[in-house]
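Take this structure first; my questions come after.
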């Protein structure tokens, strides 16, 4: 099959989806090609979920400009997309005089980047914001926030799809060529796509996409960050984010605690270069280290509070021996007119995504005519948050209207059958178990699916006719079962 | 002349929670003969050990596929202990049949499978449903 | 929202809840409501199709579903009331419950509550298992559900981590159903399952059990392809040089059970870190007046017979409470685990009645005695030929022996 369109986007992470959603405002046909069976399967779902204020980036860089702009755009975007967002602020804490100096230079840098509301706080002021916090001074950035990273990526894609963008999941790109006018992209499914504009938002694989076009000046060095997820028992222990003042030359912002919008706390991330762009393993050395630091940062922590580990990969442009950060590459290539290339979008990529969408749109506009769509729908249907977060009276009303709300399938997260059914019948038509998990939060609690996975399997069997071989965890090669017993 | 070999085997008695550590001296020839059992605190131990060494007996539990029931399988067990060595043949019999709902606890589903003297009985109720959705 | 009242609400319809409700009725409570999440009674017993249940109570060895059925039949014969397919979402310290089902979202005010929610399995995340996160990693109980209740086979070549009874039972089950079980790996120097299960589930089928050995890495990006195992030292840390790779497509975890007390915590019931359950007195009443706890939500049992017995006590005392016969006291006799004892409960007793202590020892031993002492004064002793952490010990103490004791210590010597 050959498919012609105006824009091809390679990679359905948060950046690709933000670009797709931005372009879906206009009368252009867009195909998003994604090698995984779902969106946001790489770095976009595997991070701290923090909206950065923009204090850490050198003025004049894309990272500085796009993160501040993206942060400011996020509130309205989340309200349109029905995504939870909380501007809970951040304390960057100094332990000594050197640290205080760092705080002042961060404040100066942040102000040059137009970060709003920065203040240096003394111990007493720090305690008012986060009782019990250590350190002698802190830089407070009120615009730092938290968000569900895969929730945002999925919502962007769903809204883009509702506005006509076509998502081709499970379509890994195998070859790219350029004829006189168009890019021709082949996928592992044997399909061919043609468009005058090609956008590379392949994240950890963006260097490989460049190589397919013969551009060999970029290389991604995956740098792994491991996390531990804590039981919701500790919800409310942190009212703001607390980070140590950064060390010079570090590859990350240091191990810290991050609350999530869903009530868990994350410990991490570590920082370790690995060879493969999909090596999401956890290691015992780092988990031990994270636990140790976790106990120091959070004295209430008990050994039974660890419910899960995961890791993400940063798309670093510098090799391990150099370390540190390079600015994002966001370029419209003169050697390949119509090729818009995004490389090395690591932190603050999540925060910057909406602004990257705008920037990419400007670039696309030089190659195709961007005529406003009459009927762009900016809002995603539904409501913000989960059933269990509603007040009791509201729950009673919903159950009375739809009994599927009354049946709780995931007991740990109190996720209802209605929410599971919605996740199964998702607009992107992902049909994997992890797809249900990321959309509904079922299986994300302390039993990790021990109780609810069997019930979800039953629902898929009884209401959607699944056979044992139809259940996939995440990819085609990840069957859950080997067959029937009898 | 009779060829035989004396060996010592250790067993933990499973008759009661005391869990006596038994030692058995056995003569293995054309027939296994238990010569001596030590370490038992009661008389049940040696009897159990002798049986266990000569012809261990087991009850086994499994499932049989059900048509038209509210469960796809009915759980079953042998209603008496059977020789350990017959288990694989009994399993073959269990795997080869299909029953129709309803099934009640205690229903005999297979009589004397694989030449044993036990029956395979249902260990749960499986009610009949008229909307069978698959498996 | 509908608002209803009941004298006694029993949360959970597994073996503990069923026995507690039946006992409450037999002790004269006319208004008992049992609330169960699933659409059927019996809880986890439904999937435990192996035999070995009921030896203590009924003198015969039954399968899980059969054991449950005896209680279900009695529950129905007593015309007890239940809400099936109903979950208790929250409880407050005043015994107000919010429950949800397809029939509606309701508030229930309970005169007394019996907590009998059972336990859950420890997961790969809970034990921070390193490696990738492919398909094919299941807790033994989840695998048991798929195989025994849903007719779904979880894999063809399995490794079992942990030698708890569920893991051993599943090793046999997988083998009988045609899978190859490579090995069972136990991190401790002794097996945590019953000797009977080691013999009948592993030895009978030539499945090796490796002690002091643990799974230290998982391999495979999509479906599990194998695990790395290593011997561990006394500190349970892997010994370098002993690593080996075991190919498998399935890993079953049988690495412990955790009482499921989120409802109890939500109501601010005082918890005990050693058991993971509530602190209770000799009536099984928690720190909240009128709230009782029994079964695996109180502490993890090895025999369902003991669960039923404990639940019957909870049912009886809940009725006494409703009749005004039990009041929280100003002071209790505290009971503490001493040398060689991992936990003991109840954690405190009134001294008004005889009571039975339930305890677990810290390490296996032979020919020892369990002592209950008031400083140096010996109040009770139980001689044990064999003590094992996997096997709960129960010891009776007479009220008339207590004298003016303030604090009892239970130890092994």
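As written, the chains take the letters A, B and C, and residue 1 is the first residue of each chain.
Here is the rule we use: a contact is a pair of C-beta atoms (placed from the backbone, for glycine too) under 8 Å apart; a residue touches a chain by one contact, two chains touch by 3 or more.
From a predicted model like this one, the values you see are computed outputs, not experimental measurements.
Student: Tell me which of B-C and A-B has more C-beta pairs in contact.
Tutor: Greater number of contacting C-beta pairs: B-C.
Student: Farthest chain from chain B, going by mean C-alpha coordinates, please.
Tutor: Looking at centroid distances, A is the chain farthest away.
Student: Please compute the C-alpha centroid of chain A, do the same for chain C, then give the distance between them in whole Å.
Tutor: Computed from C-alpha means, the inter-chain centre distance equals 39 Å.
Student: Whole-Å distance, chain B centre to chain C centre, using C-alpha means?
Tutor: Computed from C-alpha means, the inter-chain centre distance equals 27 Å.
Student: So how far apart, in whole Å, are chain A and chain B when each is placed at the average of its C-alpha atoms?
Tutor: 54
Student: For chain A, give me the residues that contact two or more of the other chains.
Tutor: Where chain A meets two or more other chains at a single residue, that happens at 461, 468, 484-486.
Student: At least two partner chains per residue is the criterion; list those residues in chain B.
Tutor: In chain B, 63, 65, 72-73, 135 touch at least two other chains.
Student: Taking each residue of chain C in turn, which ones touch at least two of the other chains?
Tutor: Correct list: 149-152, 177.
Student: Mind listing the chain C positions that touch chain A in their complex?
Tutor: 1-2, 37, 85, 87, 89, 98, 100-107, 120-121, 123-126, 128, 130-136, 139, 141-142, 145-147, 149-156, 177, 216-218, 221-223, 249, 258, 262, 265, 273, 276
Student: Can you check the complex and tell me which residues of chain B touch chain A?
Tutor: 63-65, 72-73, 95, 133-135
Student: Can you check the complex and tell me which residues of chain C touch chain B?
Tutor: Per the stated touch rule, the residues are 46, 49-51, 61-63, 65-66, 69, 148-152, 176-177, 194-196, 198-200, 204, 385-386, 388, 391.
Student: What residues of chain A sit close enough to touch chain C in their complex?
Tutor: For chain A paired with chain C, touching residues are 228-229, 233, 278, 280-284, 287, 291, 302, 304, 306-310, 388, 392-393, 395-396, 398-400, 403-408, 411-412, 414, 446-451, 453-454, 457-458, 461, 468, 472-486.
Student: Under the definition above, what is the set of chain A residues touching chain B in their complex?
Tutor: 461-462, 465, 467-468, 484-486
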